[in-house]
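Here's the structure, in structure tokens; my notes come after.
When the chains are written out, they are named A, B, C, D and E in that same order, and each has its own residue count from 1.
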Amino acid sequence: MDLATVCGILGGFVLMVTALFIAGSHGGGVSLGQFVDWPALIMVVGGGLCVVLTSVPLKVFLTLPKVVKKLLFNKLENHGDLVHELVKLAEFARTNGLLALERSVSEIKNPTLVAALQMAIDGTNPEVITGVMRKEMESEEAHVHVEKKMFETMGKCGPAFGMIATLLGLILMLGNLDDPDSIGPTMAMALVGTLYGAAMANMICMPCAEKIGFLGHHEMVAKEIILDGVLAIRDGDSPRVVEQKLSSYVHMEHHKPEKAAA
Amino acid sequence: MDLATVCGILGGFVLMVTALFIAGSHGGGVSLGQFVDWPALIMVVGGGLCVVLTSVPLKVFLTLPKVVKKLLFNKLENHGDLVHELVKLAEFARTNGLLALERSVSEIKNPTLVAALQMAIDGTNPEVITGVMRKEMESEEAHVHVEKKMFETMGKCGPAFGMIATLLGLILMLGNLDDPDSIGPTMAMALVGTLYGAAMANMICMPCAEKIGFLGHHEMVAKEIILDGVLAIRDGDSPRVVEQKLSSYVHMEHHKPEKAAA
Amino acid sequence: MDLATVCGILGGFVLMVTALFIAGSHGGGVSLGQFVDWPALIMVVGGGLCVVLTSVPLKVFLTLPKVVKKLLFNKLENHGDLVHELVKLAEFARTNGLLALERSVSEIKNPTLVAALQMAIDGTNPEVITGVMRKEMESEEAHVHVEKKMFETMGKCGPAFGMIATLLGLILMLGNLDDPDSIGPTMAMALVGTLYGAAMANMICMPCAEKIGFLGHHEMVAKEIILDGVLAIRDGDSPRVVEQKLSSYVHMEHHKPEKAAA
Amino acid sequence: MDLATVCGILGGFVLMVTALFIAGSHGGGVSLGQFVDWPALIMVVGGGLCVVLTSVPLKVFLTLPKVVKKLLFNKLENHGDLVHELVKLAEFARTNGLLALERSVSEIKNPTLVAALQMAIDGTNPEVITGVMRKEMESEEAHVHVEKKMFETMGKCGPAFGMIATLLGLILMLGNLDDPDSIGPTMAMALVGTLYGAAMANMICMPCAEKIGFLGHHEMVAKEIILDGVLAIRDGDSPRVVEQKLSSYVHMEHHKPEKAAA
Amino acid sequence: MDLATVCGILGGFVLMVTALFIAGSHGGGVSLGQFVDWPALIMVVGGGLCVVLTSVPLKVFLTLPKVVKKLLFNKLENHGDLVHELVKLAEFARTNGLLALERSVSEIKNPTLVAALQMAIDGTNPEVITGVMRKEMESEEAHVHVEKKMFETMGKCGPAFGMIATLLGLILMLGNLDDPDSIGPTMAMALVGTLYGAAMANMICMPCAEKIGFLGHHEMVAKEIILDGVLAIRDGDSPRVVEQKLSSYVHMEHHKPEKAAA
């Protein structure tokens, strides 16, 4: 479970309710019912989904649940562990030869690493390995871009649909101004639409789009590490060189300069 | 028919009417006539079209119906099928020689593939094939860009024209404040302009612009596949190598790593 | 005359007046005088021009009338005709030798083509021709960028100046609330400022900026065609090769694949 | 003095006052005192400066007066004159040898040209000259970018500070609704804040940022010309070649094609 | 302590309070209590933090205090001093040999310089040094980008959360319109939310994001200087050449052209 995503979204709504009760405690109390407006909810969430449906092909739209699942349950792979695994593989290959890695492959979980390593073991040309990996990375990047775009699209049109919900309410109200007492509550109801739009866009869609981009970038770096590592293993580099080459991908703070060892 | 585009747009309006009736059921009911405002419609749709007419040359503007048709009736070509077709062509060329492909060409539907293959059969230089294809791709990309731009332009100025329609209504109203009873309905009418602008921009133009960009990108990848595939066939690559080279264009999930076969 | 630009801008205003009369026909009619507000006009148009004057050097600002003239009276050169002309020149050069082109030069209207051809006839190095042409294209691109920027600047600050005009009106009104009867008309007058700003930005400046960019891009492609064509002529390419090289600049639909001829 | 900048800014304010008096002449006249609001001025100008102070290092912030001076008193160097000067230097170097230029150096005013020429006379490697110049240009570009950013930052937060000033006024007013007669003037006062923000952002900061970018670009082209020119002089190119190479930097219209001379 | 950041932020609030008292002095005085609204504060600050928490992985979110510390206590390293240090090292290496630098390394404070120098002393290949440094720089750049993004995210959603707080207040108010006397103060309270959002975004988050980007760029240039300097030292360049190579990183004004010395 991705605690940050879940806590961030839930936390925002908890804060909203808290703020509401503090604000309401000065007046006559708060009835949360005032903030439930089904037509606005239909307009904001349903409208947003319709826009996404229009803007991407059906096949892509249907991946939306999978994207949501990824957002909630992703587990960021540690780049340091990946470097460590590659260094161990380099050691093993140095001692037992490249072909001996065949046995280790079955124990590796990362599918990209498995595919790249298998190509190296099969004696595939480095250029071909790089080419195949780069194209997979581009393809992956394009997928992440589309996933991010879907949330951004929902986020961008959220306030507009909130405003549409508010306008629908206002127009209805202005057409029936007979009962002055109902103006206040009707107006309040109309404003709930704007509230929903702002909340959906800013508290859910936009940060989720950012997170998707972040997860994609993280995975892309992992693939860079794998590519560089497998190529180094294929060239028979010593584990120390492999570590030196890969450690620069991990941020500097975690990277002890060789000086200490010198 | 592109179900996603059609359902997305219609769905949005169905949701809007649904929300309206739910909202109206609390008050005195809804008369949809309240939401019909011809001057606003003229201003928002006509104004948007005028802006597009100003911003592009006449010749480009006249392609607008074709773009709309493409949006509604496009059929996304499956990249996997394309790869499959190219692999079969590679097999055929391996067995019967490159020139024998001449017969197959007439059965191929994709015009880009036909043109590229014909060049390969004619013994055209790989550099020339690449050059010609790349320029066609650039030219195609520029066209898609302009088509997308037209919808974006309409989408961007939609809210402004909605506001203009509202302002026209408000100014008229403020100039004739004699009859206080008419203020409510006139104000409601004025707000319908804002509603139209927001709906046209967010529910139609913007997602359509996105979809055009998506379709263009999809076609561009197809052309990349064709270019790589035809060059590989020309070089006499084995069908297995062609498949390996091209499969990386298709997303990783659909790509079974060789390991399974090893 | 560029009909698209003229019709687009005039059409927008015709639609606005039409919408106004339809809207007014329900109430007590429309007096167009309600929509004439000299201070707002001074603020929006004059203010916009002042901003452009501040943001570019005087010399560039003074080219504004020429840019407007280009917008209204441009004639898009047909790329197909240009390719045709170059193919004919290639034929002539093939038959009569490069130097014989000297005579044809005087009949060519396109100054870029004349300059490039003259360099080719003079035996200038291809690298030098390319270098000179590329720098001219960059310079041209920079000019188009500045011209576009001027309209974008006016477009971007249009709504702000509209708001400033409205604010000036509102502040005046709020300072003299003695006469309640005048509030309506004064408020209407103030809103006209917002209307002017929105109309100038969305119906004139923004689409004109787009059009300038489009015209510039079109001319840039023409220069690419000329450069490629003249280099091919200089190399003594056959007219058929010249046509093949250049036809890919024209969009695919207009480009008949060689297959038909094969 | 940069007339365009000064006239553009002053002109905007003159137009504003003119518009105000025309608008006021219909009502009871205008007292400019209505438009003076010290708290709003403090908030908009002071707040904007504080934001710039926060967003850049102190050392950069302190260059602000110099940037303002540059904006008001810059004199655009004519690129044509620069080309002319370089052609004359090339002539001199052709006749008297590169080393003889040493004497001319002291008469040249442009410091970049002096530095580049001195390197050429010292027999510095062309690669080193290019490297040194390119890095200076990058460094200069970064400086211009920061200067532009400071004005953009002030421009972007201008409307926000205007709104903050208005909000401060409104909140004060709403807290003391005892005296209904004061609501109008207080509200007017509050709106002056929005006016100041919009005016500062759109009439001063944004166009000045654009101008800074323009000046920087102009200087960058001058340095490109100097670099190309000095390298050509160093290579002993004939003045005619130097002119041909450099003239393409100046816009096409000013560049007479050789055809006329042929 | 970074005086600019601290003064900029504090200064903004001091100006706000000053403006408030000046504005209040015309009316019945100001009670600052009117501007304290806990629910709005919870919504704006808490909501902004929740959005950041959602949009980045937990590990990154937890670096937020460190980023704040960097913002408040950073000390910009002087590039001139760095060049000076590298020139001295070059001199030392010229006289005593590259290996003799081993002793000096322990006295150097800049960890990047230490690591790069140690690699040079160890006789590492220039390509490897460049590769390792470039990857560290990319990694550092990505970190800075994420840090900046966090503040930008808070800045962008600040106004939205301000609006949400205002909407919550308005909806509560509109639901309880019984007491007309409370409308003014409640409305004032609601507007405080908008004020908080605008202030947090424009006075704190946005300029801090800019500053982070600036600090990151400054450090990146320092690393460029170190890389170029260490490579020059490794190649045994004379101190004068090292100075010439590096001085172009420092802005031109501080760079005396060699002419003076010639």
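Simple rule for what comes next: a residue touches a chain if its C-beta (ideal position, glycine included) is under 8 Å from a C-beta of that chain, and two chains touch if they have at least 3 such contacts.
Only a predicted model underlies this, so the values are computations on that prediction, with no experimental measurement involved.
Looking at the partners of subunit B and subunit D together, the chains they share are C.
As a whole-number value, the distance joining the C-alpha centres of subunit A and subunit D reads 41 Å.
The distance from the centre of subunit A to the centre of subunit B, with each centre set as the mean of the Cα atoms, comes to 25 Å. In terms of which chains touch, the assembly is arranged as a closed ring, every chain touching its two neighbours and no others.
Contact residues of subunit E toward subunit A in the complex are 38-40, 42-43, 46-47, 50-61, 105, 111-112, 114-115, 118-119, 122, 131-132, 135-136, 139-140, 142-143, 146, 149, 153, 156-157, 160-161, 163-165, 167-177, 182, 186, 189.
The touching residues of subunit E, when paired with subunit D in their complex, are 2-5, 7-9, 11-12, 15-16, 18-20, 22-24, 27-28, 30-31, 34-35, 76, 159, 184-185, 187-188, 191-192, 194-195, 198-199, 201-204, 206-208, 210-211, 214-215, 217-218, 244-245, 248-252, 255, 257-259, 262.
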